[in-house]
Amino acid sequence: MLYITRREIFNAAHRLFREDYDDKTNFEVFGKCSNPNWHGHNYTLFVTVAGEVNPETGFVINLKELSKTIQGKIIDKIDHKNINLEVDFMKGKMASTELLTRAIWEQLEEEIRLLGARLFSVKLYETENNFVEYLGE
Amino acid sequence: MLYITRREIFNAAHRLFREDYDDKTNFEVFGKCSNPNWHGHNYTLFVTVAGEVNPETGFVINLKELSKTIQGKIIDKIDHKNINLEVDFMKGKMASTELLTRAIWEQLEEEIRLLGARLFSVKLYETENNFVEYLGE
Amino acid sequence: MLYITRREIFNAAHRLFREDYDDKTNFEVFGKCSNPNWHGHNYTLFVTVAGEVNPETGFVINLKELSKTIQGKIIDKIDHKNINLEVDFMKGKMASTELLTRAIWEQLEEEIRLLGARLFSVKLYETENNFVEYLGE
Amino acid sequence: MLYITRREIFNAAHRLFREDYDDKTNFEVFGKCSNPNWHGHNYTLFVTVAGEVNPETGFVINLKELSKTIQGKIIDKIDHKNINLEVDFMKGKMASTELLTRAIWEQLEEEIRLLGARLFSVKLYETENNFVEYLGE
Amino acid sequence: MLYITRREIFNAAHRLFREDYDDKTNFEVFGKCSNPNWHGHNYTLFVTVAGEVNPETGFVINLKELSKTIQGKIIDKIDHKNINLEVDFMKGKMASTELLTRAIWEQLEEEIRLLGARLFSVKLYETENNFVEYLGE
Amino acid sequence: MLYITRREIFNAAHRLFREDYDDKTNFEVFGKCSNPNWHGHNYTLFVTVAGEVNPETGFVINLKELSKTIQGKIIDKIDHKNINLEVDFMKGKMASTELLTRAIWEQLEEEIRLLGARLFSVKLYETENNFVEYLGE
């Protein structure tokens, strides 16, 4: 079993808040991240796939196909977008790094199975100081 | 003459567009950056100051004071903010990295002179692939 | 279960040696790190916490609280300090990265439980070429 | 149990291809990586060793000895070399990052056991966007 | 006047040697870099353009056009290639980082003038420890 | 004229203080950096040399010789040392990054001239947030 990882980057706006909180409560819970006018990040995404090496190619997975899958299911939908307003797979969810990481997993898991491999980890850096990892359970 | 640099980071939302363009023209000129719902970045700012070494302290400038100045004049105003809507020193300007870099220079130049040094360069990374530098002329 | 990580940095002096060794033996075992006049590092610390997402906030843990805890229990005690002489939680221990990593775990484990989460990993970079990770057992 | 990691770098040329494929098929499967005139990378290698802390030294393993082992068994054989043509431990294997990572594991496992520790992970970055990890099974 | 920089990456094989030297002399002068079987690098290229801000767009240069120019004139010709054997603009030149940097300048200077800006600097990292900059004179 | 840069790293302890100040004044001026028990850093040094390309070798300077010079004149004297107590070229100087950068210039300038090139810049990172550059005048 080998683990192969692909890094991708996207830039997006978001806001942390609850509609059922007033502004003061949102600020107490979410701090500056609750700014109603949005802020944003350069998100760095690491997608790790686990599998056996294909003896014919020496690959666990064809990285071009993996990259194309991440592009189509994630990057095209979220890059230069507003996570709260425009990303279908985040509809109805808070735009925390935790929930975004898990939603990316859900977007990719089945697609990667179709490529003949198994999604092992999704890791998402919001800044150089904060990142979240999800292993599917 | 020595050159000393302080790095600071801020996260902000922005949009590239002109009000006198329609959406189609904005997209042609500014691409994905014209998204009306905003996107954002982790901006990395490098402020370089030039000066002689103070023989009493071994410093060109007290970095704590430089950092406090950058904090008060830049970071407090732009971090977790919307550059187009909320940043006083960007009012009426397009939120390109070029104009933001120059505006940061204008915010800092006089303040750094009051600290007894000379602002030499403002460098601003929008992403790991794009950055702008301004030397004041 | 999600894993969220916070990065913090501290700068400290240390020395690797045993009092019951003479200088020659210390040098044989610990090399340049045994220099009696100390040397130092910019240590980079990664603290990973595991937990379920709080459905109310979208958070595993409030990162501001996690950061404040790391600040109070670790950074305030070790930043710009001498690890061998001044850090209470390293008293009587050798100042190796291994033992420092484990001591940081012991400082943080209970505090993070009080924040409602579980400490999963402490990872400590001494240089860009060397780092240690501890998972608590 | 602690995990200690050593980073090393090597620069090498390689090519992904099968002798039993014609050039067109090699290009379809391996893309630009199949270029018959070679291309190359700055590979970054992370070797992680697991073990208990030696109470006498505070070390899991003496990093100088670990580094010397990696140097002798890996770096001296592969740095500034052609992976397909010149590296004994890659003879008869395709020069994919996956198979290279596993071959490095096989080179190091027994040597590290002789140093009194256990090889836990070999992680190899081919570029900043792609890396492979192997845990020995 | 502002300075805007675009980063691009390419992976290539090369060799430092002179045909009029024998292997022993090549090794004495160029060390491991003279390996007849090639080695390679992940080269990181920084192209800096100087210009006034266009008041209509807020841009010194349209970065998409700059990136397309670098792609067409440099990356397409050198990425996943052998610099000594396959790169038209390096024909008859030694494949040192110095000469490669200057050749990239010569490839880009006129093209960037056609985009309405002025090439200011080409900086090329061969490794994280070595890089060359050329300012055109 | 081309500019070639070599990166080197050293780890050292230091303290910012004046003997003619009492502890309270030292703390007011130098903050935590005045800790009498020392602290330390992983310093990253960039040495840039300017010169014409030697048409015989394609080099501005032989990087192995440049690296050996930096090793002998700087790294061997300062790595794993106490800058205030043990570094001959810092004797009688305050251990600020500014004065250290200038002292490294003075150590290297003549040596690099003997290698047939001209020292252009010494840049020294104390942390990822602070660095100093000196151009010799």
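Going by the order they are written in, the chains are A, B, C, D, E and F; count residues from 1 in each one.
By definition in this document, contacts are C-beta pairs under 8 Å (C-beta built on N, C-alpha and C of every residue); 3 or more make two chains touch, one makes a residue touch a chain.
Because the structure is a prediction, the values reported are computed rather than measured.
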Report task. With residue numbering as the guide, point to the option in A-B, C-D or D-E that repeats A-C in over half of the contact pairs. Result -> C-D
Report summary line: In terms of mean CA position, the chain most removed from chain F is A
**Report entry** Which of D-E and A-D has more C-beta contact pairs
**Finding:** D-E
Query raised in the report: How many degrees of rotation bring the Cα atoms of chain C onto the matching Cα atoms of chain D, given to the nearest 5?
Result: 120
**Report entry** Whole-Å separation of chain centres (CA-atom averages), chain B against chain E
**Finding:** 29
Query raised in the report: Which integer distance in Å separates the CA centroid of chain A from that of chain E?
Result: 34
Query - Touching two or more other chains - residues of chain D - result: 128
**Report entry** Pairs of chains found to touch, sorted by chain label
**Finding:** A-B, A-C, A-D, B-E, B-F, C-D, C-F, D-E, E-F
Query raised in the report: For the complex, which residues does chain E have touching chain D?
Result: 9, 11-14, 32-33, 35, 37-42, 79-82, 85-86, 127-128
**Report entry** chain D partner contacts - residues on chain C that touch it in the complex
**Finding:** 16, 18, 29-31, 93-99, 101-102, 128-135, 137
Report summary line: So, in the complex, the side of chain A touching chain D is made of residues 1-8, 48, 53, 56-60, 63-64
